[in-house]
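In structure tokens below, several structures.
Shared between the two complexes below is chain A, which has chain B as its partner in the first and chain C in the second.
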Partner chain A sequence: MPNKALGQNGYYLPFVSPLNSATASQIHNSFRSVNQCKNPSPFDSSKRMAAIYSLYIINKSGGLIFYKDYGSAGRMDTNDSLRLASLWHSMHAISQQLSPVHGCSGIELLEADTFDLHCFQSLTGTKFFVVSEPGTQHMDGLLKQIYELYTDYVLKNPFYEMEMPIRCELFDINLAQAVLKDRVALLGR
Partner chain B sequence: MQFFGGSEISPSPPLPTASGNNGHMMYVFNRNGICLLYREWNRPLHTLNAQQDHKLMFGLLFSLKSLTAKMDPTSVDKGNLGVPQLPGQGCSFHSFRTNTYKLSFMESPSGIKIILVTHPRTGDLRESLKYIYNLYVEYVVKNPLYTPGTPIRCELFDSTLDQYVRGLG
Partner chain C sequence: MAPVAPRSGDAIFASVERVNSELFTLTYGAIVRQLLTDLEEVDEVNKQLDQMGYNIGVRLVDEFLAKSNVSRCVDFKETTEVIAKVGFKMFLGVTASVTNWDADGTSCSLILEDNPLVDFVELPDTCQGLYYCNIISGVIRGALEMVSMKTEVSWIRDMLRGDDVFELQVKLIKQVPEEYPYKDDE
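Coming up: the complex of A and B.
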């Protein structure tokens, strides 16, 4: 797994300007520390440098089927995340009703004072949304990527029951990698 | 609060651009959820009658505010979801975007909410909303014939607002 992560690292290094050597070494260090880490999850609570704060996946009826926190402040228990997820589901639906023109498919981006919420709804009604730092640009790509991982590792898992909470190890591993890659790309900028 | 700085309207509105006509509609609510003003410039789709529409809009904003206050990833003590909050308390939001429209939102410390619905590709309208709030102060609050908390019927305000929103980029 460390080798694979380094391989992905190679993808992003060309984007780093050669003038900005401080940033490049920073990335290198962040990778080394992650790879040397005993804990398999690179997102332990000691690291509070978040490009994305959390990820939610909700099924077509608004039930939370996946939630992962990547270092937001404060405590959020299971009940809170469930409530927030179903609240978002309703807000998404109401925003469609209030559209001044036809063909509205719900909120894509909510800009709050301290965070941005990017939402992607798949054709089957499953919604993916990430809470990120304000002004983060490339979240659509990340959401599509997460959707791809969902189709590959969750929907194709024969033991997964539709609309039920996601417990797939492969999905977790690949998601952690995708988010890490995204974070490194952000650091390199 | 910054928008209480000067009482006179700034001489140059923040976003005077040539290509306008991006505005769909605008709402002004007071803190009790009463719709003080509803203006409509370009709205082909009406799903509900006017009163229901205003209620739904106020409800959406109210719930979105409690959602953002609870979701705020930077504050440690957020309280419970749905706890009533004073204007300016907790993490609020300033806009959201769908594929067909963009809604910009501003709340004054007295609880006046200004909502502007525009084309989804419109830029940041926070300054424009402050300017509209200034117009409200000048033409509505300072109008001796206006009773606070009642729907706004003020010709001068309406015409200035129309003119300003039509010029928004």
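Coming up: the complex of A and C.
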């Protein structure tokens, strides 16, 4: 039962599983070739599957309400992910203040040697960000899509309390689908 | 250049999932009826409807922002226009018009000529003080609060009370600045 496997810790994601047959390795191979010509990564790419390493959602006061990681690179324990979330929240706020541009809405993309961090903040103050492989494109589209899923499956869930950690099965399922679809689209490009 | 906010909600209305409007109307009617039975006092029902609307509004605003692709409004005038033209269309399938601005631009009226909530409804003599659609005012108040605008929303005219249109007054109390970190001496 895939639904049963969607726990807090063990996420069911068909494309991440290393044992997942020929399709997975095909995806992987074509992905490697795309990536290598552009931007060689210092990670051992044979151990890595996902273009997105992890996804975070932080509420308007800087608390981590959702964290999920995809693939082996950049995996973090709970404490580290909480720390990263609040650190990003503060950095985002500071960047808004420091920016010479009037009406700046904060950092949208942070590029590092080993990862990119794409951030989207909704007008209500909730931040969505993904840590991805360097050079991954079209993450803003995915983030907007995740925002829509959040409004549909988290905010409309009557048992979800605002600003609290997200534990909604429908959100997990639809999110997994969206990320998978995004990956397939990425390979098609 | 930021994307221009859509001036009408038609496209969004066509693309979002909808329910049968009669089912919607009757469900809302059942809620109000049940509240009247439970709370007995009409004033309490008004208050409860407003609170329910508020709770809906604080969540609904995110859906609105996510699906309508509007960008930040420059002033309160634009905000009310967006609510009337895009918001009402998206969630209720009707549009409102904005009039009666006061001199300093903080208060205006939304006029609804058509309101799907009141199809089939007539108020009995025992509930003359009831604002049947008070949930809408709560939704607007809640939604605007999440985008840092404290407002007061009240009904001026109500077709169920014999007026010719629905008129909703929206008054901006204050704009809460969302900039942080706050200064140390405050």
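Here is the rule we use: the second predicted complex is superposed on the first by the 139 of 189 C-alpha atoms of A that agree within 3 Å, B and C clash if a C-alpha of one lies under 4 Å from a C-alpha of the other, contacts with A are read in each partner's own complex, and residues count from 1 in each chain.
Throughout what follows, contacts are C-beta pairs under 8 Å (C-beta built on N, C-alpha and C of every residue); 3 or more make two chains touch, one makes a residue touch a chain.
Fair warning: this is a prediction, and the values are worked out from it, not measured in the lab.
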Fit-or-clash call for chain B and chain C when the two complexes are aligned on chain A: fit
Partner chain(s) touched by A:156 [first = chain B, second = chain C, both, neither]: second
Which superposed partner A:170 touches (first chain B, second chain C, both, neither): neither
Contacts of A:108 with chain B and chain C, given as first, second, both or neither: first
Residues of chain A touched, compared between chain B and chain C (which is higher): B
First (chain B), second (chain C), both or neither touched by A:88: first
Which of chain B and chain C A:124 touches, first, second, both or neither: second
First (chain B), second (chain C), both or neither touched by A:148: second
Which of chain B and chain C A:80 touches, first, second, both or neither: first
Least C-alpha distance (whole Å) that remains between chain C and chain B when both complexes are overlaid: 10
Intersection of chain A interface sets (partners chain B, chain C): 94, 96-97, 103
Touching residues (chain side chain C, partner chain A) in the complex: 58-63, 65-67, 72, 146-147, 178-181
Touching residues (chain side chain A, partner chain C) in the complex: 93-94, 96-97, 103, 122-126, 144, 147-148, 150-152, 155-156, 162
Sites on chain B touched by chain A in the complex: 24-25, 42-45, 47-48, 53, 56-57, 59-60, 63-64, 66-68, 70-78, 81, 91-101, 103, 117
In the complex, chain A residues that touch chain B: 50, 53-54, 72-74, 80, 83-84, 87-88, 90-91, 94-115, 117, 131
